[in-house]
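Below are two complexes that have chain A in common, paired first with chain B and then with chain C.
Our next item is the complex of A and B:
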């Protein structure tokens, strides 16, 4: 079986190289049969990588410890679900997952473009195959997933206990899907630069890919935060760790890109900027992998460090140089007669939104690499941790939330003072009233007051927008309110889905502010039967129960939670785990989540008699809303991506000329179709 | 009549916001009072300023390894210092002297480290300046906003000095 995996990866590499040659030759020499052949090579490459992935999965499920990868990342006692997720637990497996996703997305892009974008698609597919070649070279020659051990061990080393969690089963794939799908718009942007087809065709062709990538980056970041919240046991969800930052930066840049492409679509401006943003987003995905793999910056998330850093750095440098050179080469053609009438316009709001998003990205990047810079310049190791990021990012986040409210209500081109007052009077009033109420409720921190006011302001702007649209439908079409709302969203899904995403962002922001500013913590050692309090809760330690299995030993505490009036609310069960194969302890926290606050209980220690336990308890207000906001962002993205007949018709019109040509091209090359 | 009508949903929304705050505020109020009532630092406040050296990458406050050889004894030692009346700054200075700069959870605000704090904002100001410059050029291209005509909305927040400099620069470029 391992031979089959190696063979599949080797053939995949050859096919990827062939697809580049055939795509470029076919496009340059106007030889459609080569383009079709290249497409078939891409699909075959995808099949080969799929075979390699299946071989590794089968080896993991069968506990085939002759494979070094299987022996290192699994054991016979590892639950089946985690044997499957062990595919991305180690370096070789996670690179193979990356390559597999890339092969799938390249195949889908090849299928989507078999009859359209005949000028640019071959180059875009060649770029994607180029990226695949880098990863396949790594898998074939540098970090091989099917290497065999000289002596087969009787038992594997087991999966890292921190990875034995269901969030870890879905967090890396989500993040990888987000990372890898960003390659598609990047490749089409690069193809536009190569071919000189610099209109917004590449943006329209890859809009759904960009949203798809943003969607999964959002999910990946949220799942990662939830994993940290449940597994690391410190009561928080985001520590500005380098690997977290590496996942956050492409999300920020993709967010900026999704806003700025609207200006290009509407006003044919910002061509250089949009191409730069998509290039930056892709480069940051490579940078993220470099950070995780190289070990140059220590991280709690770097489960696999290796000597891959220089390879990734070289590839990142090559991609950046080549893409920048293309941008400079086409810079004259990319300049358009841009018109800008007023700072009081939606395009101005989007520009400032981009400035802040890219500014935050730079701040995160700067804080992430500054320790390396400090060591290189001064020879002194320093740490850039959460206090730095919180102080630098916090004011920028306020600006971003403010612009989230401004953008939707302000008109394109220019807004008169009357319009401005009419649109913003109500949202501003809501924001001010909220601030006053919050101050009257005893809140004194200026940041919290400003954040709550701005959040309410944004909610107000979204509400005004929905109401305007519904009123228009009710007056013109005499629709009842519920029907008007449904039709409004259904017929303008991009716009109103976007507003739902904005609400999600603001709700998550409220959760972040509440949980960051008002968390309380108690650490107590108590005997069985004793109680202690945190906030309005009383916690009584009832006792311990121990369970041993071949895979892990666990000690679970039963903690009764009582309200202020002595009523039992629930019984929580935090546990300490000891993974036998890995010889590692781990914590299983117990969380009682409500919209007002989360009660988070960690069993921090047990004495030898088993009668005294130490608990670390956190009471974190509003953290529930972080996850609720995330769900709203997901809902909004689903609405945005929902197929829209009008949008399809518009794309069909734009692509009509090229599609006719493409059909002719395909008819010549493959009369029977693909 | 139309503009009055536009306020109605906002008022309803404001009502919901008020209701939410009535629900949430007692809890936040209690917590914020607790936070501000402290005269001496808590262990968490001090240990948030220090980075655990066990390799977890978290702050001493957040390292949750029960057997951590760094954060566990440090937190215990810190309790003693707090009881003796030492301030947060004094305790952090003590550990900086003992372990070096790497133990701090954020860069100092002196020397080369000042770059860490200032560079993001310098980049933002430079980026903003560049954006204003480019937008200024676009505005001069706009047929509906000729330089001599009064715009529909005067950008009163636009710094006159910046505007003068911008116009000079644009003149030079022409």
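Our next item is the complex of A and C:
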């Protein structure tokens, strides 16, 4: 079987190379047969990578320890679900997942463009195949998933216990889907640069890909945060760790991109900026894969050890250089005749939102790579921790939230004072009143007060927008309120889905502010029967119970939670686990979540007699709203991505102006065409 | 009317503000990340500084008191696994060095054990005692560094 995996990866590499040659030859010599043949090569490549993935999955499920990968990341006692997720537990497997996703997305893009974009699609597919070649080279020659062990062990080392968790099962695939799907808009942007077809066709063709990518980057970040919250047991969800930053940076840049392309679609401006952003987003996905997989940030040592580092960095440098060269080569043609007209315009709000997002990205990047830079340049490693990131990003986040309220309501081009007052009077009032109420309630931190006011302001703008739209429908079409709301969102799903996402961002922001400013913590060693307090809760340690299975041993504490008036609220069961194969302990946190605050109980230690336990307890206000806001962002994105009849019609109108109209119109109007 | 210059001013102000935030945060929050041998070589200049020290827990030196949540141990240099080591200028230490670490008020990390590699965050005090605010364990070596800690 492993031979089959190796063979499939080798054939996939050859097919990827062939598809590039055939695509470029076909496009340059106007030989459609070659373009068709290249497309078939891409589909076959996808089939080959799929075979390789299936071979590894079968080996994992059958606990075939002759494979080094299986012996390292699995064991016979590992639950079946985690045998499946072990595919992306290690370096080789996760790179194969990357390659597989890329092959799938490239195939889908090839299918979507089998009749569309005849000038640019072959080049875009060639770029995608070029990326696939890099990963296939790694899998074939550098970090091989199907390497065999000389002596077959009787048992595997098991999956890292930290990864034996539901969120860790779905976090990497989500993040990788987000990473890899960003390649498609990048490839079409690169194709636009190569062919000189620099209108916004590449943006329109890949708009859904960009949102799709953003959607999964959002999910990936949320799942990762949730995993950290439930598994790492330090009461927080985000530590500005390099791997977290690696997932966060592409999200920031894609967020900027999704906003700035609207200016290009509307005003034919910022062409260079948009092409730069998508290039940056793609480079950051490579960079993210590179730092999670090479360990370069933890030490320059592991950079040389893992073997992947130099290859990744070279590829990243090559991509960046080539793309920048293309941008410079086309820079004259990319100049836009349109100009900004006023600070009080939507263009300006979007531009400033972009600057802040890219600024945050740069700060995160700087804080992430600084240890390595200082080590390389000065020979001393200087690190910056969470305080650095918090200090830089907290004020910028306020600016971003403010613009979230301004951007959607302010007019394009320029706004009159009259208009400003009409749009913003109510939201500003809502914001100010909220701030005053919060101050009267005893809140004193200026940051919290500002954050709350701004959040209320943004909610106010969204309310105003929804009310305005619903009223218009009710008056003109005499629809009842509920129907007006549904139709409003359904008919303008891009716009109102966007508002839902904005509300989600603001709600999540409130969750982040609340949990960062007001978390309290108690650490205590107690005997069975004793109790201690945190906030208004009293916690009583009832005792320990122990369970042993061949896979893991666990000690679970029973902790009774009492309210201030002595009423029993619940019994929580934080546990300490010990994974037998990995010989490694882990913690199972108990969380009681309410909209007001989370009670988070960690069994930090037990003494040998089993009578004394050490607890670490956190009371974190409002953290519930971080996840609620995330859910709203997901819902909003689904609304945005929902197929829209009007939009199809608009695309068809645009296409009907081009020469190959009739054929493409059919193609686009067909269900599932876009 | 050409408004471009005014926009460059606005954009420039935002960029300057971000630059200022980064520079300011760097000055106030950065800390040295050193190995045990590097701490030994620079001991005189590091007194009272915020540090992160990577080292290995010396077996036989650990002492954990669960009642006061006090953890005491000694850290020694992590043997250099990278024989080439060309990318790092080694700080030469002629004799084995160790530092005492005292961590109070924090639970013992899950994977803390004699012989494990740890990262200690804290300050170096008189007599070579590191007062730790945090002790982090790194994953056992058979795991590649990945989505953890």
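The definition used in the following text is that the second predicted complex is superposed on the first by the 649 of 674 C-alpha atoms of A that agree within 3 Å, B and C clash if a C-alpha of one lies under 4 Å from a C-alpha of the other, contacts with A are read in each partner's own complex, and residues count from 1 in each chain.
Convention: a contact is a pair of C-beta atoms (placed from the backbone, for glycine too) under 8 Å apart; a residue touches a chain by one contact, two chains touch by 3 or more.
What you are looking at is a predicted structure, and each value in this text was computed from that prediction instead of being measured.
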Touching partner for A:597 - first (chain B), second (chain C), both, neither: first
Touching partner for A:171 - first (chain B), second (chain C), both, neither: second
Partner chain in contact with A:385 - chain B first, chain C second, else both or neither: both
Touching partner for A:342 - first (chain B), second (chain C), both, neither: both
Which superposed partner A:605 touches (first chain B, second chain C, both, neither): both
Touching partner for A:525 - first (chain B), second (chain C), both, neither: second
Partner chain in contact with A:332 - chain B first, chain C second, else both or neither: neither
First, second, both or neither for A:622, with chain B first and chain C second: first
First, second, both or neither for A:232, with chain B first and chain C second: both
Contacts on chain A seen with chain B and repeated with chain C across the two complexes: 232-233, 241, 298, 300, 339-343, 348, 351-352, 355-356, 359, 362-363, 366, 370, 380-385, 387-388, 391-392, 396, 576, 585, 587, 602, 604-605, 616
Interfacial residue positions of chain B with respect to chain A in the complex: 3, 6-7, 9-10, 13-14, 17-18, 21, 23-36, 44, 48-49, 51, 55-59, 61-64, 66-67, 100-107, 112-113, 115-117, 119-121, 123-124, 127-128, 131, 135, 138-139, 141-145, 151-153, 155, 158
List of chain C residues in touch with chain A within their complex: 2-4, 6-7, 10-11, 14-15, 18, 21-22, 24-26, 28-34, 38, 52, 66-67, 69, 81-82, 84-89, 105-108, 110-111, 139-140, 142-149
Complex interface listing, chain A residues touching chain C: 72, 89-91, 157, 160, 162-163, 168, 171-172, 224, 227, 232-233, 241, 243, 292-293, 295, 298, 300-306, 339-343, 348, 351-352, 355-356, 359, 362-363, 366, 370-371, 375-376, 379-385, 387-388, 391-392, 395-396, 523, 525, 576, 582-587, 602, 604-605, 607, 612, 614, 616
Of chain A, residues touching chain B in the complex: 232-236, 239, 241-242, 269, 298-300, 337-344, 348, 351-352, 355-356, 358-359, 362-363, 366-367, 370, 374, 377-378, 380-388, 391-392, 396, 413-417, 420, 422, 425-427, 429-430, 433-434, 437-438, 441-445, 456, 459-460, 463-464, 467-468, 514, 517-518, 520-521, 535-536, 576, 585, 587, 596-597, 602, 604-605, 616, 621-622
